[in-house]
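Chain IDs A, B, C and D follow the sequence of writing; residue 1 opens each chain.
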Amino acid sequence: MPMSYFIGLSVVMFAMGILGVLLRRNPLVVFMSLELMFNSANLLFVAFSAYHQVLDGQLFVFFVMTTAAAEVAVGLALIVAIFKAKRTIDLDQMSSLKG
Amino acid sequence: MNFGIHPLLLVTFFPLVGVLVILFLKTQQKKAIRWTALATSLVTFGISLWVLAQFQPGTAGMQLELRVPWLRLDGLAIDFYLGVDGLSILMVLLTALLTPIAILSTWSAVEDRVKGFMVFFLLLEVGMTGVFLALDLVLFYVFWEFTLIPMYFLIGIWGGERRIYAAVKFFLFTMAGSLLMLLAILVIGFQTGTFAWSDLLEKRELFAAAQTWLFLAFGLAFAIKVPMFPLHTWLPDAHVEAPTAGSVILAGVLLKMGAYGFLRFNLPLFPDATVRFAPYMAILAIIGILYGAAVSLAQKDMKKLVAYSSVSHLGFVVLGTFALTTQSVSGSVLQMVNHGLSTGALFLIVGMLYERRHTREMSAFGGVWKVLPIMGALMLVVTLSSMGLPGLNGFVGEFTILLGTFGSKVLGSPWFAGVATLGVILAAVYLLVMFEKVFLGPVKVEANLALKDLNVREIITLVPLLILIFWIGLYPQPFFNLINPSVENLVSMVSSALLAAH
Amino acid sequence: MSLNEIASLHPFFQLAPLVVFLPVLGLLINLLVGKRLGEKGIGAVASLATGGAFAVAVLLAVGLAQVSEGGTLTLANWINLGDLDVNWSFRIDTLSVLMMLVVSGVGTLIHIYSIGYMHSDVRHNEDPGRFRRFFVYLNLFIAFMMVLVSSDNFLMLFVGWEGVGLCSYLLIGFWFEKGADGIGNARAAKKAFVVNRIGDFGLLIALFLLFYNFGTLNFTEIFAQAPAVAAAAPGAIMAITLFMLLGVTGKSAQLPLYVWLPDAMAGPTPVSALIHAATMVTAGVYLVARSQALYFEVPAAQNAVMWVGALTALFAATIAVGQYDIKKVLAYSTISQLGFMVAAVGMGATVAGMFHLTTHAFFKALLFLGAGSVILGVEHGHAHAHAGEHGHDSFDPQDMREMGGLRKRMPLTFIVYLIGALALAGIAPLAGFFSKDEILAAANEKSIGVYVLLTAAAFLTAFYMGRQLLMVFFGKPRSGASEKAAESPLLVTLPLVILALLSVFGGALNLPGSHLLETWLEHSLAETAPGQFVLTVALISIGIALLGLLLAWLVYGRKPIFEKGQPDPLRRPLNGLFKALENKWWVDEFYHTVIVRPYQSIAKFSAGAVDQGVIDGVVNGMGSLVQSGAKAWRRYQNGYVRSYALTIVFGVVLVITYLVLR
Amino acid sequence: MTQADFYSILPILTILLWALLLLLADLWIPKERKSMTALLAAIGLAVGVGLSLSQIGQTALTFKGMLMLDSFAVFLNIIYLVSGILAIALSYDYLKRMGIERGEYYVLMMFSIAGMMLLSQAYNLIVVFLAIEFLSIPLYIMAGFARPRLESEEAALKYFLLGTFSSGFLLYGIALIFGATKTIGLEGILASLNGGEANLVLFIAGAALMLVGFGFKVAVAPFHEWAPDVYQGSPTPASAFMAVSVKAAGFAVLLRIFLTAFPSLAQQLMPVVWGVAALTMVVGNVLAINQTNLKRLLAYSSIAHAGYLMMAFVSASNPNQTGQAVSSMLYYLVAYGLTTFGAWAVVVSLEQAEGKGLDLDDYAGVGQKYPWLGAAMLVFMLSLSGIPLTIGFWGKFFLFRTTVQAGFTGLALVGLLTSLISVYYYLRVVVYMFMRPGEPRVRRDSWLSLVVVGAALAVVLLSVLPSRLLEMAAQAVLRLQ
């Protein structure tokens, strides 16, 4: 398969991730969208790694996966904390700071 | 005589000694604070006289130079560079003279937060003296900007009702100009590798190509400060709101910084642009003269009137500067002093009236000469000086400016001086109207009958100014002897550009 | 020349600076210790100072009689700036010394007169403290006048020129809380100063032109170069002389700037006599006489001066006919007579002009002082007639309609006044006849038009003086005040008598045949046309004068007039014309509408709409623009995470698009 | 791992280990003695400063080219460490006052600092990514540290979501660059670019996306919108820490990557950076003028200053000016950092519980009642607006000088005009403090006062003798190219 297919798929994934972030109000879904963005990058890494015959890219993916996990941990903790205080996790309710 | 410290360094920074002492005094010790401030400023005045004693009147170049490297880094050379010549010596003396007078005028006018007031006032003196002595562009800029801060506080804290608006307007206006000047300074520094005035004179070919823009950038900063029409609207607001002492210094010294800036930097550094822009500057100056005079006439508030009259008077100074003849430029320098003296005195007297009646509306007065004979007489002298009556200082300045402008080759037409001379008529109109509305006629307001005439302290504040008003008016030659060599040098420097242009 | 050099010419010459310094000394003494001297002391110091100046002037004249070329004494280097080199010098020549003599001579008499006059005036106006101030001003005036006439260059002349203007301002506004609405006097003073400044503007421009065409402001150097410069740049000389003329019209109250002088009568009467009749207002005449060398180069300018003078002479004379204020009549008469002088110097009849200047100083001072005496008498009478009454009424001690019959109550004043009036009317052999005749003779030769104008003016002069005499001194008293009027004290009348004598014999100065003044002045003046005496002219002039007096008697002398609001007898026959005269041809109103009002409107408009509206509006507008921009922009910072993310995406798209499309 | 490798990360390791040990030790420190933790953390950072100082003048490429130790990195490391110490001085009393005193706070801060230090030494895109995440995640937590307060939690969530979002772009950018150059080491990338083997389209797209990622961290427009909200919601000392350190770290990595690895790209990216810089200066300054909440105001001010720093980044695209641009940026960072810390310290001392005491109105009368505090704040405000006799003036002076010399006079003009706007709102603070009467309530704490006075003195004194610091900044650059 030509490289452009991989790039194309990855771009579509990335765009879907962005749209998810922009359109969804549930932070859990937004998390997933963010993961989608990360994974589109991962896809690119892996594809390029294979294409260029260098391992750096695949190596990178491991690191990305771990950091993503760490981020999700923090994020979920935040959501729990907010839910405890506010009884809602609607993102659009989180707009008291503005101007 | 030598105190082991360079005289210019001493005259610039001596007020800091007073600041230090005042900082250690308690807020409640108002008397001690006042006396310390007064004593400091008087000593500074003494030092300025000592500088004058060391000054060689016949020399055109810089004297008593002090030049220490301040910052040296790859391609960057900033000096701590002070020096005095005929253009600045009188400005330094004026600053040193007006400061104690202004301080004395606050004796009973400022009761609130005296400590801060005096600290700011002495800091202001440091800044102003520094501006007149600094010969490194960066150092000049530092002092230039530094003067803003104390003045800002003087207006903002001790001012009238709309003081905050006035203070901020003052600050922003001046900043607007000086930021562009900073840009120009950077460009010059980049193109020559130095900021020192004397080096720049030699290397001015290096930035000759950019002269137009540099001239405009410097010019804007100075024009705002002067202030030239139509950049003047900060001035009435600042004056009306400022405390008396602030107005005295503002009109007496701060405005001169702009006119001085033209003379010190614009003319010698950008001679071609100067010659090119001279007619436009002159036109603006003339508009300022006539416009300021007309607007003054319509004012109801005395301070505002005097403030607009400054626009008119400083118009003469700028006109003389850009006429670029020996007479007109010398006249401009002298007129700067004159304006400092007479407008300073006007503000002092207006302040004294204000202290007595807590209003500056002219309609609240009328006929007070009868009640206040001494003040009336002094006001008369000052008013006449301001309108340029022969025998008093204002005439000497205005006459030499107009005479020089009339034959100016740079402007190339006697019309400039001709139209500007109309300002002499208009000045008589608005000043006499003010004098009439306040001092002449019958006493109409009951409260004015009980006014007390000047006390000894108030007379002492005015007398030095009056002495100089008469001295310069009757025998100006000693002053011209100080100014003229440097001016001739400057004019010949710029005229060579004019010759080259033709 | 230094002090030693000038002393070697003639020892008296070194005294010249005293003509300025004595009055200055006098004013300083009065200023510093005057309070302790008392009125007598103050008056004595001031009079002595001026008298001393007169003595010095006499000595200078003596010196000049021997060394007729005179000399120039340089006191100090005043301004030396590039090419501009101006000294404070005293020019001692016959012209300047003549002026000094007139100024200090008449001045001394008026000083003495003022001691008595002001004594009662300050009491009448309820501020005795101002007695000292008056004499300080008066001495200051003498000093400035001396600077004016003794200068050897145009700049110092200008210093004196404006200085006397200042004194005029101060003295017109001497009772600054009096006059119409309490502010009338102050307004009059301001008007005088401002109008004079307009003239000074012209003089200043003339100075600039002189400097750039001659390279100096020194009289001697300029006059020496005049022909050469005139050949090279005739336009320049033309401009110089015409701008100078503007200065002259200001100071010497000629058309169109004469308007300040009638108002200047607000000053105390001695001031009107000294400044606004005898001396200051003649400065313009002196200037033209002094600059004769320049005027000779441009006949057109000469004509302009001549016509201005002649027109003024007639114009002012017409107005004088319609006035009721005793001093206003004299004021317009002064303008008219100044017109004669200006016309004379314009014709080149400089000697005649100076001659008339001198004699006019005598008889007009006499008339004013006499009028002052009348006013004092009437005020005195008013005080007696209304003794015990309180509150200020609208009584005007200067209104001739309230006078009448004073001949009997103030006989001495009447006699001297009569002499003055006849001298002014030009009745031979009084002083005015000779000097006026000389002018008319010159005019007759130069231009018939001017001659006619001046003769007509002379006729009117006789007429309004006759009118005044009749209204004031003849008939029956028309008010309680004039009924109770009393003769003035000796201190007031003594100077009157001296002036009366001078008015009688002043003509001797330049009698046809002797030409004393002419031989005196020819040392200073470039050309002096030999004085003419044309018999026909003289006869016509006397005839016309008598005719004028006769007509006055016909109108005002035969039956009682001004009984209870009755209008002026001329009102009916002249109708609208007389109304115009009464209202001074509405010139003041015209100026008010055309110049004062528009300027005030411009000022208001500039201060309001332009300054606060446009200029400050732009400044503040920029401020509020940023402010409102900030406010609007803040709405995009809406607190929604998704919107923030959208902005980021937006930025990304922008960046990528730019990079791709580039 | 060689000894050189070890030595090059010694300060980082120390901080990390110290932080871990502190996390443990904190368990035994009683709740009312948490100042102990603060002190220990500060000591740890001070040790880090000492170790970093010992690295001055050294240059070493370690870990097989993954890390770079040079004076640039050392200079920045010291900035992070010192700002950490200052932040602790600000936090110690603040946390107690707000009732959120927990030991983890300091530990998190130390982790974050370790991440920043790693970032400044990173010479490989993996390290860059990891370091960025490493410094960010603790900050997300710190932002939400005033936990029961909703504002704090909201700030944390916003920061977290948007931070991760921007990390996505960064990551994608890195992936593209990897695709374009076959490598993720900076040296390799440079070689590949110079060798002309790289796919330029991919590369430029990748670089742009990376720029977005970093742009978010330093809060330049249009990636700035999180900053005001987060700075306002977070505990104030944490905001101060973010405003200074994160900004410095972001700029450090920007310089490092874009100047070391992508110099040939500078010309192509320059217009973008130009636009970003101008937009940032405008947005930051204009939006600040109506703010009444001091924290928010300072947040916008920090955005504006990011714009100024971007200016240096623009200038650096001129190869003749790169060195000067970098040194002036470093100088500006120091000037800005010092001043900003001072200003935030003043904010801390006026802040009351429940987010009170942050409004401009609460500052009325400070100048009169607490003249020294007022004077200090005055100095900070003047310094932030770039008025002479403050270090901020020199910062702007050098920055504008570089910009002018690099030929970007137009940008300098934008900078000057916007700094005129900035004068307005900085002065507004001064107006409230000195020209309006009021009864301000000020918290006195010796550490806080020390920071305020020390910063004020430094701001003024360093301006009188500006050379030394500038020389240091200049030396820090030498190894960069």
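Miscellaneous remarks
Following the convention adopted for this analysis, a residue touches a chain if its C-beta (ideal position, glycine included) is under 8 Å from a C-beta of that chain, and two chains touch if they have at least 3 such contacts.
Owing to the predicted nature of the structure, the values given are computational and were not obtained by experimental measurement.
Ranked by how close its mean Cα position lies to the mean of all protein Cα atoms, the top chain is B.
With A-D and C-D as the two chain pairs, more C-beta contacts join A-D.
If each chain is reduced to the centroid of its CA atoms, subunit A and subunit D end up 26 Å from each other. Here the CA centre of subunit A is 65 Å from the CA centre of subunit B. Each chain gets one centre point, the mean of its Cα atoms, and the points for subunit C and subunit D are 78 Å apart. Computed centre separation for the pair subunit B/subunit D is 43 angstrom, with centres defined by C-alpha atoms. Multi-chain contact residues, meaning those touching two or more other chains, occur in subunit C at positions 634, 637, 639, 641, 645. Those residues of subunit D in touch with two or more other chains are numbered 157-158, 161, 165, 169, 228-229. The set of subunit A residues touching two or more other chains comprises 21, 91, 94-99.
Contact between chains, as defined at the top, is found for A-C, A-D, B-C, B-D, C-D.
Within the complex, the subunit B residues that touch subunit D are 70-74, 76, 113, 116, 138, 141-143, 145-146, 148-149, 152-153, 156-157, 163-164, 167-168, 171-172, 175-176, 179-180, 182-183, 186-187, 189-190. Within the complex formed with subunit B, the residues of subunit D that make contact are 324, 368, 371, 382, 387-389, 393, 397, 400-401, 404-405, 409, 412-413, 416-417, 419-420, 423-424, 427-428, 431, 434-436, 466-467, 470-471, 474.
Across the complex, subunit B meets subunit C through its residues 169, 173, 230, 232-234, 291, 294-299, 308, 325-327, 330-331, 367, 369-370, 373, 380, 384, 389-391, 395-396, 399-400, 402-404, 406-407, 414, 417-418, 421-422, 424-425, 428-429, 432-433, 436, 439-444, 475-477, 480, 484, 488.
Taken in their complex, subunit D has these residues touching subunit C: 157-158, 161-162, 165-166, 169, 204-205, 208-209, 211-212, 215-216, 221-223, 225-226, 228-229, 268-269, 271-272, 283, 286-287, 289-290, 421. Residues of subunit C touching subunit A in their complex: 634, 637-642, 645-646, 649.
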